[in-house]
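Let me give you the structure first, and then I'll get to my questions.
Labels run A, B, C and D following the written order; every chain starts at residue 1.
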């Protein structure tokens, strides 16, 4: 046996040496420029209309193009559109596509394609549904002209089709857009600056995009999603890392160029490394929520909700879940601080952040000791922390708390249940939205309509009025006015607890340049040298 | 002197702490001369094996330490040799044949190579040369078709052939000394005879000195030139074969020889026509079912066996291993289910009964097994073991206790011993307990399955006497399963000879022994070691 | 045949060892068991007395989070500023509870199934095939699936760990039964008309005890490890409960900036499991249930 | 022999069926469903419902089960809900890393464990023996992921002599790159396995050394080394190989952890992700696949006995 093993080892070594050098030679040979990225999540599916997952949205931005796109001031700018006109009554919109737009398969992009794409999007996206609700017709009058007829003036036409985050109205070939909106597409032809390599895709691990040589970028300088999208690398490779530590190590060891969402706590280590830049790329950051279930006691009682909110001291949540103060700030506006609609109307309730006051308020509310079920998603550290902190605070103000641990996917399915706690219902779950999704009252999170609204099913007629009024509003003043009313109502009914605004940094090696400041991660304009 | 192969002088080997005595062997002196076969006889614990293994240098060094004496192999002292030197001597100057040919051969190596290994170690022969030599010695021990057998594995050979391989191995290098440790004990009587013949023959032709360890005086009678009797690690007597066998001096030797059952049955009174206690008719047992895939290897362990046992009578079932004698016994006790036939115990046919129906009859038929070490639950006191049966059938604890005590006296043990555990008894005592346990049920039929085979000859004699007595006392019908013709001769009124599951001959013991009809019976009797000596008479 | 003579040599040499004296005395003589169990004892004490000498393991204090070990917080704090020392001590409770619970449950179920399989020919095939099935599913995967699907509670975790352990026990018990039922003294009992339940309890069960005790320790050890791995993979006991696995899995992210979060519970876990294993080995050597090895 | 193989293969069918049913029910009777995960954070209850319909998740369980079994009968493991790729493709993509990881681990383990165990058995009670036993106990006691992190920390972060993570296919990057990336995972994964096999080897060899034929060999004057190699190990082979087989299950478990620590895109992580995302077809497919492999390997092992031990014939 020993003899045998010895022989084997020798064999192994003998093999290793020549082959090894051969292998090295081979690796040196490759000269194309590659951007090796750790995405914030595993790209599980490829249809950015079918799912709202941010990772699918980012995938969409790589391979698809949009009619309009937001610039860094969140103002919609033309992207695929050359020019557009609006009738004086604001009911008829005409869009003209620019020259040289081609699908990855070489066929030209037609207006018909875009119409089909918008329609599919309109079936899934909240803002899309609103837009189509006021729409009479959407037609392609010729190969590069789209005509949209509304039945009432609508203030968010461009904001909708230039939407920066999920679901982004990406343009797909008509044949693809024909797919049922609730079914996944399986043809990934786009017209964007990069091409998706399906046969190199290893779900759960690796996605490969190659430069779309045929893409004609706009001439304007790049600004968030708008401007000229220039692919500056031959290849973008996403490698998903389930484990933060390993990811950071890989970045520091130079096995990776770009790390999309490192945990804030790991920033110091990476900053200590001279080859690595850590910076906050998303000016709007994310807003943390504690969402109440408005249908079930005790949170069917507005006073109880408000009492709970009073206990939620943002500093504690942020310090506990995010850590380093340079990555978070308190924000008492329902619209991310630093966005046009941001204001502080009615936000005293959240400003309170004091256990004693909250205790008193709860006592006054007539809370009967009904236990509160908090769903804790153990596989999402920040939300896990939020849950634990809420649990402690609610206990502190004298509530019965039952923290139920589960993974995020269980939570997502369970939060859809309207049933009482006994039948699997819930009282509170935590989540965060990226700021860009909350810049105006149209966000579904702000809905006051329990039937069409978001989980938690807040109900408030006045709120709904203000929201639709906002949609119709056309001037900034009006918009801000309605925006304030919406916020005022949201705080009045204590729709959700707001836990602060936090910023997740990106980390990349010094040789990466051309990062675009934006709430969404884009991969054009980035180069490696 | 030159014709002394081995001389042991005052050899003493110490036992480890906590053993039952200080020395395994004490002041043992003996010689083995060229061309003689020296038998070392003794019961278990006599130290005969230790002596042999010490010579070979194969004793576990941790446990056994030679503390005095010399072992002179052709003049030079083995106790002074280094391990390396000993290795050189082993196989080359002295070789050993062990008791269990099955376990003594490496199961996963071709027998030819195992013999060849020896040459590989001690010579620088070429592969080819080794092979020819191996085949040569295999011929020498008259193995059939050596070329073919060279490539077979131990499990493909019969017990006798394996032992021949062992002997061939020992011979390969023509050592001066051959040590044989109970080489035939594990073999059937006919095979035993052949192997003994072989050893004698080999020894004659190669003129080597043989040290032959055995417990069986029959074997001694057949093979020994000189005999050494050992007891408790000491040599009590030694002399030529005839001195020892015909005119033993030491009482222990006398006792030993006296206990060897005679091969000639005592003439018994014609058994009075007593009621039939047990009857088997067309009893069949087939092992192994012919499945769809398994190429139906069926063994007909018992074939149309007919037997009748009357009260107060002992029927012996003799045969070699695989003859099916034990199968019959186990069928009758319904430890295994017969595949066909009737078993009648006073009127009732128990062959086809379910376990539930069977229970009441269990009481009437009891069995005593071969292995005294495994027949008693080590975790229960012998008392508990004895009363278990009766209490199953509703006997009160108190009465059961009383009965157990009586039985202990009857089987010759102290009633106080009832609350001891089996490991505190010797083999013979355990067998007595087993008998007591069987009797406790007050059975009509007692089956003794090789009940004395595992016992030393002296103990064997006592247990046989006991079995005889209890049979008389309770007027039992006894079915006595054994492979030992001597034992059978002494205790059985009638015997039944089985071969390959078939009864080949049946009749009054005296008649069968006097003039056997069936050739197989003849060969059995012919093969019985020391058949021409009648030890018992000496005692 | 003639076993007695075959044993001649050993019989001469080590007669005394053929007997089997009281388990207890043997255990006390065995150093491994002594050290192992004393170490274990310490952990049990710690677990029970934890409240006496530590802070509240769940009280969070975001201000001094991720503090390195210091006089104030012996083992440092985690990302919510919870005291790792306290959590580690309390963690002992969970691990021990899981370990012991799993061992007891798995052994009891396995014992019953094993006895049945070993003695009731009809059910043998059914049971053993099912066991093969369970065995063929990698334990960890099974557990992860079970837990993350049916919700993480101490209960489900224990169940999830028990299920894959059972088949091994069943196999062990069955093997023992099959060997022992052939023993002459069992046959003697049958011949003496002893009823099946008695045969099992009197003659067969006692033989399974020794191997089972040993097996139990191994099950217990592997259960503790599995628990921690599950915790690590985020599919374990609710993170609110400070089990070693959870503490470590929470410390995962901070491995480089505050290794103590993983380090201390890691050591504690390793030591406990080590202790249990040592006891197990000791027992195996003293009780020497050869069958246990054959498994 | 041939019949035996057929027989054994047939015998695996009921086992597989049991596994299949068990897995299926386990999944369906548990909370959490893919639709909600897919629908995402902004989805409304309605969306979730629509998607459940699309996926056929609101059909009665027996129907779903029937469909699935029918599928399996056609040798089709189904299609992943998320990636919309056939499960078989997914497995195909992930097979190589896991396979090679397992292979290297087994080889490494055997190379280390068997000699260790043998020496320990031969020198029973010596310090080597004590060391081996201690190691084998310790190996059982250290959580695999802690070990993994320690190794990364020391060898990759501090000493920087080995890559931190990842998998480099030998077919693209050459054997050397492949091995460099394999060293840490293999060590991590093999420790517990080495412990197991060294311990087993020791036990068996020790037993074999008590055998008569070893005594015979010594009686022939055979050297201790040869006795160990030629007689002891050859007879110890069967039990050792058996443990290697049983260990496979143990190892598959370890693979999941190892792969996620070292970010190796193998089957272990595939199944973990699938579980967290409720991708039923993938979970079912993989667990079936794993148990099939396990059963297969153990069948092969049983057959290998005939080579190792002439007494065993089927």
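Just so it is clear, a residue touches a chain if its C-beta (ideal position, glycine included) is under 8 Å from a C-beta of that chain, and two chains touch if they have at least 3 such contacts.
Quick caveat, the model's predicted, so the values are computed rather than measured.
K.L.:
If you take the chains that touch subunit A and keep only those that also touch subunit B, what is left?
P.N.:
Chains that touch both subunit A and subunit B, as defined above, are C, D.
K.L.:
Select the chain whose centre, defined as the mean of its C-alpha atoms, is least distant from the mean of all protein C-alpha atoms.
P.N.:
D
K.L.:
Chain pair with the most contact pairs?
P.N.:
Ranked by contacting C-beta pairs, first place goes to A-D.
K.L.:
Determine the centre-to-centre distance between subunit A and subunit D, using the mean Cα coordinates as centres, and give it in whole Å.
P.N.:
38
K.L.:
Once you find the CA centre of subunit A and the CA centre of subunit C, what distance in Å lies between them?
P.N.:
Each chain reduced to its C-alpha mean, subunit A and subunit C end up 45 Å apart.
K.L.:
Averaging only over C-alpha atoms, locate the centres of subunit C and subunit D and give their separation in whole Å.
P.N.:
Roughly 21 Å separates the two chain centres.
K.L.:
Tell me, which residues of subunit C touch at least two other chains?
P.N.:
Residues 148, 151, 234-235, 255-256.
K.L.:
Enumerate the residues of subunit D that touch no fewer than two other chains.
P.N.:
Touching at least two other chains: 31-32, 149, 157, 260, 272, 276.
K.L.:
In subunit B, which residues are in touch with two or more of the other chains?
P.N.:
Residues 100.
K.L.:
Could you pull out which subunit D residues touch subunit B in their complex?
P.N.:
It is residues 3-4, 6-7, 211-213, 215-223, 226, 230-231, 234-235, 237, 308-311 of subunit D that touch subunit B.
K.L.:
Can you list the residues on subunit D that touch subunit C in the complex?
P.N.:
Touch residues, subunit D against subunit C: 14-16, 18-19, 22-23, 26-27, 29-32, 133, 137-138, 140-146, 149, 153, 157, 200, 203-204, 207, 239, 249-250, 252-254, 256-257, 260, 271-272, 275-276, 283, 286-287, 290-292, 294-295.
K.L.:
Spell out the residues on subunit C that touch subunit D in their complex, using ranges where they run on.
P.N.:
Within the complex, subunit C contacts subunit D at residues 129-130, 132-142, 144-146, 148-151, 221-222, 225, 228-229, 232-235, 248, 255-256, 259, 262, 266, 269-271, 273-274, 277-278, 281, 293-294.
K.L.:
Tell me, which parts of subunit A touch subunit D in their complex?
P.N.:
My answer: residues 1-3, 5, 8-9, 15-17, 19-24, 26-27, 42, 44-46, 50-53, 124, 126, 166, 180, 182-184, 186, 201-206, 239, 241-243, 245-247, 249-250, 253, 255, 379, 406-410, 412-416, 418, 424, 431, 433, 437, 444-445, 452-455.
K.L.:
For the complex, give me every residue of subunit B touching subunit C.
P.N.:
Listed in rising order, the residues are 15-16, 18-20, 24, 44-50, 53, 59-60, 63-64, 99-100, 182, 185-186, 215, 233, 321, 333, 335, 359-360, 362-363, 365-367, 369-371, 373-380, 385, 388-389, 392-393, 423-424, 427, 434, 437, 441, 450, 453-456, 483.
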